[in-house]
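Two complexes follow with subunit A in common, the first pairing it with subunit B and the second with subunit C.
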Partner chain A sequence: MNSFIAFIMGPMVWISVIIFLGGLLIKFFGIIWSVRQKEPYIFSYMTVRHSLRSIGAWLIPFFPKSTRLRPVYYGVSYLFHILLFVIPLFLASHIVLINEAFQVSWPALNNSLADWLTLVVIAALVFFAVRRNMVPEVKFLTAATDYLLILVVILPFITGFLAYHQWFAYRWMVVAHVLSGELMLIIIPFSRFSHMLTAPLTRAYMGSEFGNVRHARDW
Partner chain B sequence: MQTPDNTMTEQLKDTTDLKKTKATDPAIESGLKRLTRDRIKRTINQVLEKETGPRFKAYVETCMRCGLCADACSYFLSNDRDPHFMPAAKVKNTIWKMLAKKGEVSKDFLRQAVRISHLECNVCKRCAMYCPFGIDIAYMMLLVRRICHKLEITPQYIQDTVNSHSVTLNQMWVKDDEWIDTLQWQEEDARDEFEDLQIPLDKVGADIMYSVIAPEPKFQAGLIYQAAAMMHAAGMDWTMPSTPGWDNSNMAMYTGDNEISGRIARAFFETAAKLRVKRVVMGECGHALRSVYDMGNRWNSWAMPPFEVVHALAFYHELLTEGRITIKEKYKKKVTLHDPCNVSRGRGLHDKARQVVNMVCENFVEMVPNREHNYCCGAGGGVINCGPPYKGERMVNNKNKAEQLAATGAEVLIAPCHNCHSGLEDIIHHYGLEMEIKFLGDLIYETMEKKIYTPGK
Partner chain C sequence: MKPWKKKFIHRGNKMKKWTILAVVFGLLSAAGWMVVFAQEDQYLERLDSWAFESPRRPGAVFSHDDHIMDLDDDCSICHHVYEDGELMPGESSEDYYCSDCHSLTSAPDNKMPLEAAYHNLCKNCHFDRGKGPVLCGECHINE
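Entry: the complex of A and B
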């Protein structure tokens, strides 16, 4: 059992990071290769300027007109996506681990602030799940996998929160936290989580079609 | 040997969360009868695997089922937010199921797929502006239409326009001599008003080739008269072709008959090349612009059209700002402006259109939302071309547009697109709106200084 835990807490972390980054990288080059093979016209319409214009417009909270029609959803969604990256990357205990491994560090979030923000992420995910079940048009599209994806994201945050407070089974909670974090990283390239890569690409293409060909705005 | 399989419905429960579709269209029904299970599967997989690429794959894999596209769609908004009409649901009930079943879908499923792609989507791309990822659902609906075309289950009326395109290179079975007769008839009529006015046919080396869609010579010849009057008053060096290739419309583009669609666009460009014109000016039609500016040229391997293509809105703007046409007295009634998808979202001409309206009219009021975000007319994208059998439901699906129009309180609705024009006219009558509908050219013709142009002066 101890060797299993040692594996989860040691090599498996690196394996999952490699699968996550490598998977996305392979996916990216796979898409580029496949565009060159089958749909090279895409490159003749894409421009850096219009791609960035569209991605930029959609990164600014409430800049696109349609986002202002759904302020609650987009408010929660923007916040959730920012925190999804900010919390793990700027958590003091994560930085300590990285410092031990690579001797690099950067400023950390205040621990109690990070604690509150973790609750915000959990609340956001609960909101997404409830919305899936409450709003008819979303419910119509929803399948079991959509809840499963929410579960995959919420687990590392719940276990991390419990581990931080050391309320019970601290050691097991840390193992569960690491394990669920690894699971999430590994799943990303193989699931619709890969929208972290493909969404900027589809946005860039649509932004280019609108900006470069249609001379219209797509936000 | 394959025989049509009528038991497929029982075997494949792929239509459980679909609405019931009545079998009304003879072309769809006789097409479905001919289909075999094997052919359905082969065709769907051929289109989805061979005719698409990473773009389609990314669209399918990236959708997070957030439902935000719903607010974009006129059908959804007009049908009391019924989820079946939401853009992503249309993809779910067609593409996702075809993929999940690897093409083994039933005939009931296909009947529904024809309905969804041909009658419940105007391919206006408004939803592409509501999807945070910019997923192009219109592209996927056109893929479904492509599959229906290959299975020969396209609705009867629109298929007839494609047949006409195929035979005559115009949409309305206009015969070669009828076309020339119509132009000469309009020229003769216009000469009562403008001495020496000409509609120059086949003038090689002219600056402009003027092109229209086939419904103009067929039953709206007055629009050609008005265009000729403007060209004359402005002293333009222009011509119209006397041979097939004069029609810039393209219904095959909307049925997924890409081969014929490409032929139409190619004949059009070749006609312009033969006349060695500097640019092509086209009447107030939206889908025709989409054909010769966006889609038809691509099928013929031109990234952008081989000629400068000028839509009527941009051309009016040019004539008025350069002072080639002057407005004698501005139009008095309260007007509002509809933004056709293919000229605003498709070509960014909405601001020029407003400048023209303000130059021509005294009292302009915006409808809300407007510009790129304007609601679809509900007729374009081939929907109205599916014909009278579907008019009743089209009116239901256009409720949202009727409410938007009514809220303006305008007396005159300007619709600078043929499809929008016809569809909005139906809406006005059906919902009893107190509104006249006009093309922008109607208003310019009505208000302009009717100068008589003499060459050399």
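Entry: the complex of A and C
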């Protein structure tokens, strides 16, 4: 059992990270290649300035008009996306493991704060699932895989929460936590989670078309 | 509507779904209690964490007697002596605190701070021998 744990907390982490980063890199070059094939004239009006301007505008919470039209949904969404990165990256237990592996360290969140924020993430994901089932225009666009993807994201947080509290089957809870986290990383390039790459690309394109061709704002 | 989608929101499955959820929850709770009771008949002392300034977790639980037995009375496996980064074979350091050499923060003359010293010594040995706790909460059991 210890050698299984050593594998999923050792080599399997590297495999997951390589698939995650490598997959996104391949996807990036695939997108550039297909634009070159189909619509190369896009590059004639794309500029770094307009791209970064649009990405920047959309990074500021509630700055774009459409985000102010749906404040609850965007509010939950902003909170979720920030916490999705902040909690795992600044969790004391994770930093201890990083420190043991690479001898680097950074400040950690207070444990009980991280505990509560984890519940916020779980609640946000439940909100997303309910919304998919309640809002007609979203329901129309929703397939079973969308609920599955919500499950993939919620699992590391639920298992992490339960493992931290050591309520039951601790060893199996940590195994489930590690595996579900790795599953999430591996799935990113092959699912809509790849919007962590494609969303900025979309903004770069839209920002350039609106800013450089129509001389308008896209936020 | 596609058949798999229809199945997903089919109301008739509601009872079945709750039954499955109840069974899964019941099994998980049972497993949990088994783990809790399995740990109770083992004698464990909790290490005193006085050397740490503001520990985030309760001190590790540990059985010194079990370790003496499993390591054939070779104290130097844990109570080791390092000089200039070299392990001194056969020499042991039972009369010292771990924190006498391993101070809290890492420095040029302290490559192995106290927390890392504990974590590495315990976990590496448990991994190498294929037995013993290796996950955070297996030693730092909540009070």
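We take it that the second predicted complex is superposed on the first by the 211 of 219 C-alpha atoms of A that agree within 3 Å, B and C clash if a C-alpha of one lies under 4 Å from a C-alpha of the other, contacts with A are read in each partner's own complex, and residues count from 1 in each chain.
Basically, a residue touches a chain if its C-beta (ideal position, glycine included) is under 8 Å from a C-beta of that chain, and two chains touch if they have at least 3 such contacts.
Bear in mind that the values here come from a model prediction, so they are computed numbers and not experimental data.
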>> Clash or fit: subunit B against subunit C, after overlaying the two structures on subunit A?
In response: fit
> More residues of subunit A in touch with subunit C or with subunit B?
Replying inline: B
> Is A:His165 in contact with subunit B, with subunit C, with both, or with neither (first, second, both, neither)?
Replying inline: second
> Touching A:Glu39 in the superposition: subunit B (first), subunit C (second), both, neither?
Replying inline: first
>> Quick check on the superposed pair: does A:Ile82 touch subunit B, subunit C, both, or neither? Answer first, second, both or neither.
In response: neither
>> By the touch definition at the top of the document, which applies to A:His195: first (subunit B), second (subunit C), both, or neither?
In response: first
>> Applying the document's definition of touch, where does A:Val213 land relative to subunit B and subunit C: first, second, both, or neither?
In response: first
> Tell me, in angstrom, the smallest C-alpha to C-alpha distance between subunit B and subunit C in the overlaid model?
Replying inline: 6
>> Using the superposition on chain A as set up above, list the residues of subunit A that contact both subunit B and subunit C.
In response: 143
>> List the residues on subunit A that touch subunit C in their complex, please.
In response: 1-3, 5-6, 92-93, 96, 99-100, 103, 108, 111, 133, 143-144, 147, 163-172, 174
> Which of the residues in subunit B come into contact with subunit A in the complex?
Replying inline: 17, 53-55, 57-59, 61-68, 70-72, 76, 81, 83-84, 86, 88-89, 92, 128-130, 132-136, 294, 298, 303-304, 344-348, 350, 369, 372-373
> Which of the residues in subunit A come into contact with subunit B in the complex?
Replying inline: 31, 34-35, 37-39, 41-42, 44-45, 54, 58, 64-67, 69-70, 73, 135-143, 146, 192, 194-195, 198-199, 201-203, 205-207, 210, 213-219
> Inside the complex, what are the residues of subunit C that reach subunit A?
Replying inline: 4-5, 8-9, 28-29, 31-33, 35-36, 56, 106, 115-116, 119-120, 126-127, 130-132, 134-138, 141-142
